[in-house]
Each structure stands twice: as structure tokens, then as C-alpha cells.
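Working notes, beginning with the structure itself.
In this document, chain identifiers A, B and C correspond to the written order of the chains, with residue numbering beginning at 1 in each.
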Amino acid sequence: MNALQGDLGWSQVGKEPVLKAILGRFPYTLELALYALFPVVGVGIWLGVKAAVKRDKFLDHFIRIVAIIGWSFPDFVFGLLVLMIFYSVLGWFPPGNLSLWAEQIVKSPNYLKVTHLLTIDALINGRFDIFLDALRHIVGPVITLSFLWWAYLLRITRSSMLEVLSKEYVRTARAKGVPERDVIHKHAKRNAMIPVVTVAGAMVIGLLSGTVIIEVIFNRTGIGQLAARAAVELDYATVLGTTLFYSIILVLGNLIIDILYAVFDPRVRLS
Amino acid sequence: MMNTNSTINRTFSEQKKQEVLLRIDNLVKYFPIRAGVFKRIVAWVKAVDGVSFEVYKGETVGLVGESGCGKTTVGMTLLRLYEPTSGRIIVDGEDTTHYFLPKWKAKRYVEKVYLSRFKNNNFQPVDELDRKYFEIFKNNGEEGLLEYLIGDLEEKRLKFRRDIQIVFQDPYSSLNPRMRVKNILAEGPLAHGLFRKSEALDRVGRALEEVGIHPTHMYRFPHEFSGGQRQRIGIARALLMNPKLIIADEAVAALDVSIRSQVINLMMDLQKEHNLTYLFISHDLSLIKYISSRVVVMYLGKVVETAKKKDLFEEPLHPYTKALMSAIPVPNPEYKKQRIILQGDVPSPVNPPKGCYFHPRCPVAKPICSQERPELREVKPEHYVACHFPGSL
Amino acid sequence: MSEPKPRSEFRRMMRKLLRNPSAILGFSLLAFFVLVAIFAPYIAEPVNPQMLDENGKPMRLDNPYIMPVITWSSEPIPPSKEHPFGMIQGRDIFYGVVWGTRTAFYIGLTVTLISTAVGIVIGSISGYYGGWIDEILMRITDVFLSIPFLLAAMVLTTILGNGLDKVMIAMVVFGWMGAARLIRANILQVKEEQFVLAAKALGIKDFFIILRHILPNTIFPVLIQASMRMGSLVITAAGLSFLGLGAPLGYADWGSMLNFTRNWILGTSGSSMTYWYAVFYPGMAMVLFVLAWNLVGDALRDVFDPRLK
């Protein structure tokens, strides 16, 4: 099969070979997913631990309700709201990758492209104005993407934390008079992170493939948008190519997670 | 794979007066241990490793041994809840080993175990079964024997399921928590057409009465009963199939001591009324002594001694049996008994010791014990022992 | 003897469920949507006010799910007395939101039921028989799981062609794995239970063992999982419509209504919230619908199976 040799065919939508179209657009998608990862992990885990520690208290209920509402927001509804408020009303975060002027500079031949990530490359080139422009364009999508995923992480963290808190060794630590703060941070939290790490793979994939609709809404030229346009225009080669690409990333990601998991969790190593 | 020679060496008694209901011939059951990414088989748990014994009609055989010696596995394998690794299970004079195999495997089994030998010119029958099947082979040819053994397998399976029933150990998990007792009891007989749906209530009610539960309780769910009552329901479930043999795997081990004897006595009464045969599995020698007529002692997947109860308890010949018995509390303090403490743990059934499996713990082991495996021999009339030095402890 | 426990157990669970405020909110929202779906023809009459029949009355629509075009101006028109949610692409948003409820139920329930049923069959076979059957089925499941759901659905819709039914097929084809895995794991646990072994020893046929003994003891978590999946399924279906792959133009579907809106928002820059109603009403309908299912699923899970994540 040609696909095995890296030949995925001709992309009608991209007007270039599918593989080239994908690789050329992937950095935009990756940049978006990476920026979304930080708020997701930070907020998700922080609130998950908080909710578990205050189990069945007001704070727990409140956090969970907000999380469920967040989880219930379709990405395109939330994205449209963000676009409407921050672009139509406030004019802060415009759609697209870059402003027109910045785009011209980036496309010029003497602009260094090291990582192909817009913000990083801008810093490498010492163009702080381009960096800010790229940032301005990415904030909307990042808000949208991360809002959908912190709820997921929160849920996992909370239930994992609750499970650990009910374990024998945590109770022993408490009985021995270890301060509650240390019980939570030294004993429980570390162990509660194990299941969280296992879903990290699923989450990165979710973030990556979650970009499809968000890139369409915010008009960013990543592979998500490529796939969506190709699907509407019945461009099989491109749709199959992008899906294959995503699947490979997913499988590789899960493999890496499995390996990390085996390295970090002594129970897995023993059995 | 199939060893067709019965491993019981008979010297004293060639023929039996009693009718054999069940004969287990060199039964082997290994469980694979898998490991690694590809789930390769890295070793085998030799849970049952060449077990042979017989059960006569109407008697109670006690199968006894320490935890993990393979008693449950024997029961499950002979019921074909596990497929045996090798060996034969003979019920009522018919080989049933291949009953639960797919047809092509069953055929392969018959060819391997019987036909290949029968086709040999100087074939000598080694047991009753050989004689019977060879007769059919001579008269009706290969096709005839195949038809006799693997024709109507489904019918044979059903008959087997009616003839042998089991009462489980755990009264809490042995009844489906989401079914009413009525349906739990009627399910089997209805599936076999033993009675019609319209008769079900009546029959179930009578069976419940027989095990000492009020028939009106048939509409209840299992968790509304006590452990002893549930065990009675389990017995009624087996009873309703009109079985010939009931396997009771630690049937009272999970019950309170006070309730135990009630259930045991119930089982003994039912045995008389229904002409039942029991294979009673237990690790409790005093219980075995109370209920059984013959005893089979197992150690690490093998039978080490089998005898009539009286013979066994009066004169245990295998050092292991003797050690087990010395651990039974005796009611009479006059009778001073020396307690034999066994050294060490039971070895793992994955890597059993060479020679006699018992030699690392045997107080009277001699050099030959670690070299040569003792076969089960008839040392006294109907008293079989697998030991180089029977009765030396 | 005490009173039969399953009923009292059930009552205890119900009481617990009714004490949970988010469960009550979830069930009330759901009830509201059910009512809207049932009475859709009375809430938003399926007539075309542009076309009159011989009696001078507006003509009834052949297919009430195709929103009638009321004015030929495609620009969004703000809410008014006749059109309380405003208009977009010449169509009444209120009408679309009301009839879209039916579309949402139709898609969600159909896809959830079929994909869960498929998952149960595959998972049951896999778990009950084990061995190489299990191995093969689970590898297939892994392959299906290794394709991101939205993209997989996109691939299938490009192959099958666009349309709501195609989207639903795609979602069934790529939506059964969760149920299959869950039921398999549960069966592996239950099948070693002694009552299952007892049923085998009684000579009960495999099919009935699975049906009577195994499934009743394993199905609840799967049903809870299914109710929790309803929400995300409806989101995905709407997302595909939003991308232009699902419901056809003008279909009473929340996702495709938002698709109209997006072009108008992108078209205007830095002005104001001119078209807020075109996002707000269909968007809120979706959010509340999904929220209802998530709350219900969450509450059921808490009450019936605290172990389920």
C-alpha cells in the first residue's frame, strides 16, 4: 500500500500532497494543544484535589456543578460565545493565525523558522510584536479548548483522590498524627496522580482532535480545519490521511503513557 | 497424552462387588501461567496431576487434603467446568471425557484413546471399558463405535448434566441475587424437560419442603435467607435434577458450626431417600470421618492414600495422612496422641519436588524418596497408598 | 423474616436520588425537554405562513423538520413578537429550537440504544468465551478506539455521503467500544461466580446463562454509562452538523442552525453583539439538553455504582 510508504495521495483541499499538507499545518494544531494543556492540567488537578478534600461540602458541590456545566458545553457553542464576546464585542482576540502584517513578515524568506510554532519562532527572531500578535490570536481557541477539558481532568482527579484518601496508609498516617496538610500533599496527592497520568494520553489526544471544530470556528489553518474542509468537500485522501495521522499520534501517545506508567507504578512492574 | 492404563495397581482384589458409578482415571489438569506483553505461557500450575479413584453407587466418598491441593479442581474438572488436560472420566460405565468437546475434537479423542489401540492386532483390553468398546468395535466397526461414542453428543451432555450435580461452598455467591428462589430451582429441570411449567410450583415447593424450607418462601430472593437456608436451597437445586451423584465442595465450610450438623444430617437423610451418591470435598478430616464411607487423601495434585473410612482412620498408612490425623482434636483426653508437626510449607504446584511430592516434609523420608515417585499401590485389601514405606510413621 | 429487600433497597436508592439537588435539576430539565418534544406541533405549529391554502389558512408542512423559509432576507432578524427568538437565514429560530428537541432525542436515543446494544453483544461474547475470541474482539476494539471519534465519524460520512442518517451510522460504528469494554470487564468478574458455574452444571445453554445470569448482574453500570454518553453523542452529532456534514441546510437541528450563525459572526468585526440571539437560543437549548443528561447520568452513577468513574 502506498500509505505505508508515506504517500497518502493528493489533497484537493490543500492543493498539495496530503502528507505535506498535514505536516505543514500540524505545528499550528500542536501549538494550540500545548497552550491549552497548561490551564487544563493546572486548573483541573487543583480543583479536583480541592473538591475531594472538601468532599460533600459546599465547595465540592459547587466545583462539580461548574464542571458538569463546563462538560455540557458543546465546543462550538462555547467557541462561538467566546468569539462573539472577545472579538465582536471587545475586539481583543481576533480569529485566524496572525494579523495580515505579521503574516507577511513570517512568510518572508529571512524570517527564521526553527520550531514552526508561531510564538516560539517569534521570540527566536526577536520579534516581540509578532509574538504578541500570535498570542492574541491563540487566546480565544485556548480558552475554548481548555474550558472543555479541565472538567474531565477534575473528575478523574477527584475520584482518584477520594479513593486514595480512603486507603489504609492514609488513615494510618492520619492516626499517627501527621498534619492534614502533609497527609494530603505528601501521601495522598502523589498516589492519586497515577490514574491521572493514565488519562493524560487520552487527554492530549482529546485536545489535539478537539481542535477540529475550534480551528473551524476561529479560522485557524491547522490540520483540524484541513480535515473538516476536506470532509465537507468529500476529499477522501485528505480525510483519511488526517485521520491516519491522528490515529498514529494516539497510538504512539498511549504507548508512551503505558511505558511511563510501568516505570512509575511499582504495582504494574511487579505483576 | 492419554494414558489408558489405569494407574491403580491391583494385587488383592481384582473384581468389585459393588457397582462403580464414577471412575476417574489418571486425571490431569494444568492451568497456564501467562506473563509478558504477549501473554505467553511461562509455566503451568499442576493443580491436578494424575488422580485416579472410584466412587461406588450409594456411597459417600470423602476427598480430603490441605488447601490448594487440587480438590476443587478435581470437582470442577470432572463436571467439565474446566476441560481436563488429560485423563478419563467414566460415569456409569461410559467414557464421558469427550462429551463437552466440539465434535471434531471428540472424534480425535476417540480415535486416539480407543480406535488406534483397537486397530492393533495384538490388542489386549486393560479394563472393563476396553472390553465393552472393543466388542462394539468388533461387531459394528469403526463407524459403529464412533456413532456409539460421539453420536448425539448434545443428548449425552444433557444426561451427564442431570446425572451429576454440585453443591457449592459459598452460600452467598452460589445463588443468582437477581432471581427468585422459584426460578433458581425450576430453571434446570425446565431446561431438561423434567417437568412442565404448570407443575413447576408444585415440584419446587415439594423440593423446598424436603430441605426444610417453607414452600411459600419460593417467591423470595436469595439474600432474604440465612447462610444455612441458602445452602439448603442449593441442595434443593441439585436434588431437583434427580442426580445420581452430587459433588459437595466444602458445602458446609462457610456455615456456623451449629448449623453445619443440621445441613450434614439433611444431606445424609436425602441420600437414603433418593439413593444418592456423594463426593464430599473437604479439608476437615473430622467431617469426612463423620460422613464418608471411603476416603481419598490428596496432596499437591495427587492421591496419596485411599481406603475405606474405617481402615483409613484405624490405620493410616501414608505419612501425610497420619500427620493430618494427628491434628484432629480428640474428644477423649485419655487417648494420648502424639501430634506430628509437619515441617515447611506445601511446595508450589508449579514446581513440585522430584520423587515423592511429600518428601521435603516427610519425617520418615529415605534417599529413594527424593529420586523415585511412589505409585499408588494396593497395600492391604482395598487400601491404596502412594509411598515407598507405607505405615512407617 | 424482614420485608423483601430489593424493593426497600430500590426505595432507598430513589430516596437518595431525590435528595440530590443536581439529580432533581437533571430530571426536571429532562422532563421539560420531553414535554417540548412531545408537544412540538402545538408549541410551534408546523405551517408555512408564506403559503396559504384555499381557505386562506397557512399550509401545513409536508415535513415539519424542514424549517419553513419565512422571509427571503437571509440576514439575522432580532427577536420580535411573532418570532421571539429572532430569525436567521429567513427561518424562525424558535421553530428550529422546538423541533430541534425532537431531532436531538431522535439522534441521541437511537445512537445510544443501538451502539450500546452492539457493545453489549460484542462485550458479552468476548468476556464470556474468553480465549482467542476475546483476543480478536478486543484487538478490534482497540483499533476502533485508536481513531478519534469525531474524525472517524468524519471519515465515514465522507465515504457514505452527508446526511443525518449517515452521521448516525458513523456514530454507531464508532460508538460501541465503551459499552463493550465495560460489559466485558464486568462479565469477567461475574462469570467466576458460583451461580454461573451452577447454571453451567445444570446444563443451561450459554445464551440463557448470559441472558438470565450474567447480564442482569452486569448491565446497570452499562446503562448508567449510556445515559452519561447521551450528552456527548448529541454534542458530536451537532458538531458534525455544525461542520456541514450532518443535517441538511434548513433542517431543524441545533448544530446546523449554529452553522448559519458562525458565518455572520465571522463576517462582522468589532461591532457589537448584534447576532447574540442566533447563538444564544440554539446554543442554550443544546447546553441544557446535554446538561440534563450529564446530571442524570452523574446522579445515577453516584447512587447505583460509586466505583464507576
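Observations, loosely collected:
Keep in mind that, in the parts below, a contact is a pair of C-beta atoms (placed from the backbone, for glycine too) under 8 Å apart; a residue touches a chain by one contact, two chains touch by 3 or more.
Everything numeric in this text was worked out from a predicted model, so none of it was measured.
Top contact pair of chains, counted by C-beta pairs, is A-C.
Averaging Cα atoms per chain gives one point for each, and the point farthest from that of subunit A is the centre of B. Inter-chain centre distance (subunit A to subunit B, centres taken as mean C-alpha positions): 59 Å. If each chain is reduced to the centroid of its CA atoms, subunit B and subunit C end up 53 Å from each other. Here the CA centre of subunit A is 25 Å from the CA centre of subunit C. For subunit A in complex with subunit C, the residues that touch the partner chain are 61, 64-65, 68-69, 71-77, 80-81, 83-85, 87-89, 91, 94-95, 155-156, 159, 205-206, 208-210, 212-213, 216-217, 219, 227-228, 230-232, 234-236, 239-240, 242-243, 246-247, 250-251, 254. In the complex of the two chains, the subunit B residues touching subunit C come out as 76, 79, 81, 157-158, 160-162, 164-166, 168-170, 173-179, 187-188, 191-192, 217, 220-221, 223-224, 234, 237, 241. Listed in rising order, the residues of subunit C touching subunit B in the complex are 1-2, 4-6, 193-195, 197-205, 208, 212-213, 216-217.
Subunit C makes touch with subunit A in their complex at residues 21-22, 146-152, 154-155, 157-159, 161-162, 231, 235, 238-239, 242-245, 255, 258, 261-262, 265-266, 268-276, 279, 283, 286-287, 290-291, 294-295, 298, 309.
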